[in-house]
Each structure stands twice: as C-alpha cells, then as structure tokens.
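Take a look at the structures below.
Two complexes come next, and they have one chain in common, chain A, joined by chain B in the first and chain C in the second.
After this line comes the complex of A and B, so read on.
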C-alpha cells in the first residue's frame, strides 16, 4: 500500500501508537474497564467537538461553544424542576439559536467567524451570569433522577452516556456523508466561490453549520450539567481549547473541506489518551501542560493530510 | 479563515468615497463610543480616566501589534499567552538574579527578555514553516508549551518585582500619564517604522496580499514568515514587560486573556484576518475601542453580568461598521 493511500488512516495510527506506547510503560492503562470509563468521562467534550467539526469543516471556527454550554448548564438547572426531561428541547433550541445568530452575523454581516462567535459567546455568558444570579446552582436531586437518572445506567456493560455519544456521532456522520446538506458542507469548505457558482444557497448552509455547532454544544452542556448535578456560568470553562484541539488533531484542518466527524472521534481519543496517560505515567503536574503542547505538535505534524492544502497559512 | 476578494473599487468616484469612509470607520467608531460614554457620564472624559484606560491598554497594545504583523501575512499567532508568561517569568528571574534593581546589572534582563520573546516566536515560525503545520495549530500548541514552561519554572509561584526604578513605569508620571504609556508609544512608532519603512514590513503585505505572486516575484516567503513570527514574539515580550511593570508580579497567569483580547482588537481595528490589509495604527484604534468599551461600561455603572454581553454586541457592531462589504464576496 502506498503512503498516499495510508494518509487518511494517520490519525488512527497515531492513536494506536500512543496507546501501545503508554500500555508498554504501564500495562494497567489498557485495562478495558478503565478505558471504557475514561471514554465515558469525556462524552460532553466529544459531543462539543463533533459540533465544532461542522464549523471548522466549512472553514470557519466556533469559539462560542464553551459559553453556550455554560449558559445551558444554568438553563437546565433552573428549568429542570418545571419542565422535566423537556428541558432538553429548550436547551437544544437555545444552542441552535445562538449558533444560527453567529452564522448569520458571519455570513450576512461579513464578520469573521473568529470574532463573531467569540462575541456571541460573551452574550451567552452574560445570559448565564444573569440567569444564575452569579451563583453556582445545584439541581433538585429528585427531579434530576426522575428525568435523567437513566443516563447513568448501563446496558450490557456499556454506559448509557457512550450510547448517547454513539447515536449523536451516527447522526452527525449521517448528516455529513449521506445527505445533500453534508455534500454542500464539503463543497462550501473546499471552495466557497465554486459552491456559489453551482447554485448552492451557501448562506443557509453556513448558518445551519454554525447552528448545528451550537446545538451540539448545548447537548454537551446539558450532559455536563446533569453529570455534575448543577449549573454555573463557568462550569464548562476549559472545554473550548480542548474541543478545537480534538478537531484539529483528528485531521480536520482549519482550511475546511477535509476531515469530518469520524476524524473528530479519533482526535478526541488522542487528546484524552495524552491527557490521562500523563496521569498514569505520573508526570509532574507542572510539567503536564508543556508536554501536552509538545506531543500536540508531534501529533498534528504526523496526522494532518497536507495533500489538499496548497498554501499552509 | 481565508477570504477571496473580488475586484473592488470599480465604481469610480463612489468607490473612492467608500474607501475613505472604510479607512476611517474604526476611528469614527472609537470617537462615537467616547462621545456616548461622555454623554452618559462626564467623568469618563477626565484625564485620570484616560490614564486608566491607557495603562490597562498598553500591554495589550504591544501584544496586539505583534500579532498584527502575523495577521497581515494572512497567518495567525495564538501563542501570545504562553509567550507573555514565559517572558514575564524569564524577566523576573533574570532581574532578581542580576541584583534586583535597574541601577545594577539587572537592566540586562530587559534585552534578555526581548531575545527570549523573539526566540520563542522564531521557534514558533520554524515549526509552522518547516513542519508545514497551519499557524493556528502550531502557535496554539506553542502557547501550551509556553504556559507549561512558565509553570515549570515558577512551580506555580508568583515572583514579585519591587524595584522602585522598574516600577516607575507605573508610578512616574509625565503630564499625568505614567511612563509605560510613553514606552508603549515608542514601540508603536517602532512598529510603524518596521511596517512602512523596511523591506520586511513591505514583504509582510506581499505575502498577505497574494502568496503566489510573492513566490513568483522571488520572495523567500518562508523566511519572511519566520521573521514575522519572531518579530511578533519580540512585541509579546514588550507586552510582558509592561504587564509586569503594571502589577509588579510575574507569574504563569500574567499571559491570561491576551489571546482573544488581542485578536479581537486587531479585527475591530480593521485589519483583515485574511491578510494584506490593515496595520499598526488600525491596531491602536482597535485596542482603544475594546478598552474604551470595557472602561466605559464600568464608568457608567452597568451591572457586571450585562458587561460581557454588551462587549460582544459592540464588538460585532464595530467590525460590521469598519468592514468594506462591497469589496468582499464572503468571509470565513
């Protein structure tokens, strides 16, 4: 097999090599039960990264996801008692709406997505701080168990959180590869002018991509909120950079049109393996950030497929 | 985050009028903002308040100017938080090691810090160019490395700089404005000189305006890129020095918040993320807009939880107003 054919599998190879390396040093890392738990723990991050993939796939970026998730943790906590499980609908609608506004500002008002989504994030943060009264709120335990208690069970040893993640991934994958919308996304990412010239309604596609990103971020925030049984305007802080890194490491470059949600799955796993491996290998806490950065450079350098990028900016 | 331009300015006189308007739009936005805040609270216009705005804005201005050069090339540099932290810590350690006062050999810490910043930027550029990693990712990862390096060096501790001579950056005032504002002004002029009067400065625009053309004209684009990142790193280190001068503490957290702040400021000032347009004066206006909004909201007494949202809305409005919508076909 030639190198060219292998390229799409580079992220998988990177993940495999990483796993083997860590396993060689500390075999207990490869214990299936602990690996499963490890993966279950990062489901919110993964869902957020899957949403972000849509924004990056069209060549933009969504920096509002963390604040959308923050806002949603507050909304979920405040309205859970009133609406029960239907609070999910409100949360997703809010995320979708914020994403759609970001998309509208970007496409119709020509504000670069970097700034538009960052600013929309500030607005979401304002909402979260207002609604929470600048306090950390906690959920009514009974209402939580009644509405979302099923999330913590498992079927045949597989945690339900993982099943939710798998379903969402399947949905995103279906959207990306089996619908005209997915094809349109790819064409917008690969060459926007050509997409316009072929008669695609590029504005609607881009707005929808950002809206999807917001909706996925909302789901991530809701799961996070249920997991921690509370809401706070800063609860999801620290997710944004990790979500971006997960998408990029997976091989969806910022130039758009390349990669996809499956790549993001690998990317998230790579990020998580690196992070938790450092704990397993007992690396000093002060060193972890630096080593994470160095491995990241290595991972990206080996992972990304440069054949479709003409100029590296 | 690239953009394609259609040929703008084909409509003769109307186009010229629009160009002038777009060029001055960020400044107009700044003046209108100042006017609104002044109307709502006259104390906004006091010299003391302006000094407060400028003191807060000086470190951020240096960082934003650094990233301006990179953005003009059409790349992006997200390593500022790490670089500022490393430079602040490196400065503090050198400064104390050499004697702890500017009156002794400790002044050597200043040029050393600039070199550290430039070296970090240089490495950043090399990783981007040699490993062919898009600058967004390369610099983001380098930012992690920088923050981590600062963390390892300090072990999470704060280092206090209590030398009165160095702190005179903040305490010594000329015409009611502290020295650090003038230092920032001098470096702004240096940046302007580099941008307009040196080959390197013009090459930044050549690379950002059209890399294919730049390559075809025989420009060593990779070299220009690496130099751009090194220059950016140097300006980040100046920002670090001013940040340490302002609070008298060097720590890992010194670099916090610079990333989004500086890039927002650059874009608000009218420098395009796709490269080739804008410059250091735009960045000055952009930084001032962001800090005037922040200060103004406090002065007129908006509740804390509204401020983030208002900042978001105003930033979007500022960018919309200073974008030449007729000359671009789409934006990512």
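After this line comes the complex of A and C, so read on.
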C-alpha cells in the first residue's frame, strides 16, 4: 500500500500510537471511567472544532470562534434568568449571525477569511466586554439547574454532555455527507472554479459555512458557560488554537475539500491525549501553548496540498 | 551558433519533444510554428533553461551546455521576451530592466540610482524608446512595455561574452499593425547584435520576418523551410499533418438545424472592454463556432450567455427571455458550460464520478436538501455505459481519470441534466485523437437531440469541420460570417484572412 493511500488513516494511527505510549507510561490513564470523564470535559472544545471544520473544509478559516464563545458565555449568564432554556436560541442566533457576517465580508468584500473572522472576533469581544461590564458574572444557581441541570447527568454511565456531542456530530456528519449543502461544500473546497462553472451559488454556500461555524461556536460557549456557571469576556480563551489543531491534525487540511467532521473527532481526541499526557509528564503549563503552537505548524506543513498553494503570503 | 541535437523531453505520460534538431546562426531570425500542443512552448522552455531535456544535447558554438535554470541560460546569452509580459508593473522601468542584476550599481550597500538610470537609458536607446527610465511601468502602453521587455533582454549584451539569442513569444498579440511594423524593423536592425527565435500564431507575420521556419507537430520538427520557399498553405498542411478529413469531424452526420427555433439571440450586444455590437442567432441543432485569436472576445461571449458577464449594450436573449443574471439562473434555464481548463473548472478533482455528474443538478436528486445517492449512482452508471467512460466504478475520483474520460464526465453532467444550450470552450484541448473523435460524436448527437452549441474550437480545422455557422471575430468586433454546410465549408485561409 502506498504512502498516499495510507494518508487518510494517519490521524487514526497517530491516536492509537499516542494512546499506547501514554498507556505504557501510565496504565491508569487507560481506565475507561477516567477516559470517559476526560472526553466529557472537552465537549465544548469538540463542538467548536466541529463548527470550525466547515470553515476549513471550504478552504477558509474561522478565527472568531473563541470570541463568539466568550460573547455567548456573557449573553447566556446575563439573560438566563429572563429567558430560561430559550437563551439557547439567542446564543445560537448570535453565533450564526456573526459567522454569516464574516462570510458576507469574505465573499462579497473579498476580505480573506482569516482577516474577516479575526476582525469579527474583536467585534464580538467588544460586545462581550460591554455586556459584562468587564466583570466575571455568575449564573443564578437555581435558574441554571432549572434550565440546564439535565446537561450534567449520567444515563447508563454515559455523561449527558457526551450524548449532546454525539448528536451534534451526527447532525454535522449528516449535513456533510447526505445533503446538497454538504456536497456543495465539498465542491467549493476541492474545486471552487468548477463549482462556479456548474452554476452553484458559491457565495451563499460559503456564507452558510461560516454561519454554521459561528453557530457551533455559540453552542460550545453556552455549554462552557453552564458548566462553569458563569460568563466573562475571557472565559473561552485558549480554545482557538486547540480547535484549529483538532481540525488540522484530524486530517482536514487548510486547503479544504477532504477530511470532515469525523476527522475532527479523531483530531480532538488526539488533542485531549496530548494535553493529558503533558499533565502526566508534568510539563509546565506555560510550555503547553508553545507545544500546541509547534504541533499546529507541523500539522499544517504535513497536511497541506501544495499543488493548490503555489504562493503563500 | 546555438544548436539543439536530438533533444528529448518527456513528462509523465507525455512525450513532449521527440529528437528535436534545431540550429540558429548568428544574426538569424528563425520562426517557430505549430498547433496548440505541438511542443512549441516546451521547446522554448528547454531553450531558455526552464526545462531540462531528458535526452540529446544543447550546444553553443560547439561547446555542450546544460542549464539548470533560466538564470544560467541568461548568463550564456539566451533571453526570453515573454508573451504575457513579465514586467512588474509597480516598479520603474529601470528597476525592471535590471531586476536581479542590481549588484553592478551598488555602492556602499545602496543602489546608485543615477548610474542605473544612465545604464537603463542606454538600453532603451537600443529599442528606440524615448522614455524616462524612472517612470513607473504601469504608465506605459502595451507596445512600450513590449519594447522594455526587449531592452531588458538586450541588457544581457554588456554582461556576457558570446552572442545573444532572444526568444520572442507571440510578441505581436497585443500590438496594433503599425506597432508590429515598428517592432519588425527594430528586430531586423538588432540582428547585428542578436539572433531571434520568433513564435507566433500569425502565419503571415512569421513568413514576413523569419529567415527560416521550423514547423512542429506532435512534439517533433516536421519541416524546416526557408523564407523563399515558404507559403502559408504548405506550412499549414504540415502543421496539421494531413488533409482535413471529412469523416474525422463527422461531417456526414451534420444535419441542417431548425431555423424556426432560436435558443440564444445576440442583438447588437456589447460587454465593455470585451466585445461590441455582436449579433447572431443560435438555433436548435446548430453548431455555431466563434473563431478569432486569444482576446478576440470569444470567451467573453460564452461567459455572457452563462450569466458570468452582463451585457453593457444591446440585448442578449436566452430562449425568448432576457439574459441570465447569474450562472445559477443560466443552469436552471438549460445552459451548460464546458470550460477550457478541464481539470480546474470542468471537473472537481477530489470528487468522484457521480458527485461530479450531479453537481449542476443536485436539486433533481434530492428531497428537501437530502440527497438520493442511490439515484445519483444509477445515473452515473447509465452514462458511464452510454458514453463508454473508462472508470473502474462510480466511486473513482475524477482527478484520476484520463483527460478524455474527464471530458465525458463533464459532458454527461450537462446532457443528463437536459441542458440544450451547450457552451464548449476548447472541448478537445489536450485530448488524444480517439478521445477527440468521441467528443465530435457527442457534439453531433447533442445537435440531433435538438441542442444548440456555441463552440470555441481548439483548431481552425475543428471549427470548420464541426460548424453549421462560423463567426470570425477580431478584437471584440465581428468580421465575417461563414456558412458551414457540408460541401460548402470555408477554407482555413478564408478564416485566417479575417482573423489577423
């Protein structure tokens, strides 16, 4: 079997090897109960990464997700008492709208997505600061439990957070593989010019991809906020690089067109294992960001389709 | 004396140059002609060092040389004047002339601009261009830029010992007739300094300027003629390599079109900067061919029908209603577009056969946005069988199919969707003979089914052989209309005469 044919399986191999390595050093790591808890802890990150996958799948990127999540933690905390569980709708609508604006700026104003989403991220950050009065806010414990208490139970030993993640993944996977929208996303990622020449509304598809990324980031922010029972403009900081790493090491390259949300599941698991391994190996917390920075560069350099990118600036 | 001896160049799957012998003497002007894909550009790239030959030798004055890159070729006096203008237009003229060779003007680590300007003026005098070398290049006309390119190459003269060989790739394509005259007299004068290799599609110009002409076909030099013995017809016959065969283009299958049914009507239509005042009707069952050189407006007309350009004057009607505002609308109204760049615009490399075939018609294969993939696969299998597409199965990535099979997938996409206005831009480019014939068969079939076809052909023979109607364009302006009924087809010369 050639190296090229093996390429799609690299993320799975990486995950397996990492698990074995960490397990060899610390066998208790492979204990199912602790693994399950480990995974449940990163559900918000995973959901954000799934959304980000849509943006990267079409060959773009969404750098606003962390700030969207920050803004949503504040919105959720401020409006929980007033709207109860329906604050979810507001949160998702805000994320969707921010993503849609990023997409509009990218497609209609020809601002590359990394700049458009970075800028929208700052706008979201300002919104979060304004709304929170630059303070860390707490949710009313009763209101939280009444509206979102169900999020943290267990059913048959499976944390509810994991079930939510699985449902969202199933939804994203269905969109990607079974709908005309998913097919259109793939064609835009793999061959945008051919998509245009086939009469696809490429602008609308791209705008929707960014909007979905924003909506998923909002769900991530909401879950995180409920989990920590509060919100502030910096709560989700540190998510962005992990989300990008999860998508890229999962096997969706920056050039788009291949990979997808299942890859992102694998990528997220790789990120989790690496992060816990660093804790076991007592790597200083200040070093961890550096290591993820290096992994990000490595992941892009090894996965990018060079035939599509002649000039990089 | 620059010489190529049995030079071979192969790419994966393509034998691009086959044992090419080529010589050019001091002060000589040599023409190089051939159809698209005959190997002219590969040969030029070997000469100026962009490609390294796989076999044979290159020698200058009897010494064998081997260039790893264009810079090394330049150091041996070989310079290229690029067709698509290699000047960087936001730099000044003198910066362009000495781009990559600024070291000679550096004093104490900074560039002595006065010295550079002086040297640039000297180069500009060689091409009789009286402009300020500190001008920004974007302010120059195309003709002036062409001369600056030439001056840039002539600047090699002071840097190297031997003779200069200068390649001119389609240097006249953007020039007006008077400018062409000026360029030619300049080139003739410059033969005291350099020899020239002149590549052009304009046969009359090649004949006018060249001392000898190399004729290429399928990667080989098929003839070398001197100016005295050259004539356009003989050279064109050599380029094509055969007399045009009626059966090859399926002329026996050409049936009269249905003049009562108009699919597309251009009425004095214009697109600013692309074409103006164009009128024609496309009927059901008709192949209408747009003939002209690059930039004559052919592609813009196709793009206008497909909704990618908007008419700025006159009217364009599609099936009795106004023009299509977007490509989505065009597809919905039955327009299918087979673009020139098959690999990037025709198919999606990275998607499989059925995904490619339904890309333009996903609405027909879905219920409220959810795809009915089994039906897609069945459709793909039907067309794979019907057109004889060589693929192991419907799951094969289209990027891995041969060019001919990729083109069949693109055509199947439109035919299976019921499109009846088919726009074909160079549909046989880069295909081998058998695949070309398959495309010709499909064109006839589509006509018989009542589709109207607007064709921009890869060669003039193809245009003549396939068309019911030929419109000749030049610089976006209508020149002449020919009727192409079998037995009454125009000749190559008729067309070329109006194109250039």
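Here is the rule we go by: the second predicted complex is superposed on the first by the 274 of 313 C-alpha atoms of A that agree within 3 Å, B and C clash if a C-alpha of one lies under 4 Å from a C-alpha of the other, contacts with A are read in each partner's own complex, and residues count from 1 in each chain.
Going forward, contacts are C-beta pairs under 8 Å (C-beta built on N, C-alpha and C of every residue); 3 or more make two chains touch, one makes a residue touch a chain.
Quantities reported herein were computed from a predicted structural model and do not represent experimental measurements.
Colleague: Between chain B and chain C, whom does A:134 touch in the aligned arrangement: first, second, both, or neither?
Modeller: first
Colleague: Quick one: is A:78 in contact with chain B, with chain C, with both, or with neither? Answer first, second, both or neither.
Modeller: neither
Colleague: On the A-aligned overlay, A:93 touches which partner chain: chain B = first, chain C = second, or both, or neither?
Modeller: neither
Colleague: Looking at A:183 after the superposition, I want to know if it touches chain B, chain C, both of them or none. Which is it: first, second, both, neither?
Modeller: The answer is second: A:183 touches chain C but not chain B.
Colleague: Let me test your reading of the model: by the given contact rule, A:194 touches which partner, first (chain B), second (chain C), both or neither?
Modeller: After superposing on A, A:194 lies in contact with chain C but is clear of chain B.
Colleague: Chain B or chain C: which reaches more residues on chain A?
Modeller: B
Colleague: Where on chain A do the contacts from chain B and from chain C line up?
Modeller: On chain A, the overlap between the chain B and chain C contacts is residues 193, 196.
Colleague: Along chain C, where are the residues that touch chain A in the complex?
Modeller: Listed in rising order, the residues of chain C that touch chain A are 306, 308, 326-328, 330-332, 337, 339, 341, 344-351, 355, 359-360, 362-363, 366, 369-371, 373, 413.
Colleague: Going by the contact rule at the top, pick out the chain B residues touching chain A in the complex.
Modeller: 1-2, 4, 74-76, 82, 127-129, 131-138, 140-149, 151-152, 155-156, 211-212, 260, 263-264, 267-268, 273, 275, 304-313, 315-316, 319-320, 323, 325, 328-332
Colleague: With touch defined as at the start, can you tell me which chain A residues reach chain B in the complex?
Modeller: 58-61, 63, 105-107, 109-116, 118-123, 125-127, 129-130, 134, 192-193, 196, 202, 241, 244-245, 248, 253-256, 286-294, 296-297, 300-301, 304, 306, 309, 311-313
Colleague: Over in the complex, which chain A residues touch chain C? Could you list them?
Modeller: Interface residues on the chain A side: 178-181, 183-184, 186-187, 189-191, 193-201, 257-258.
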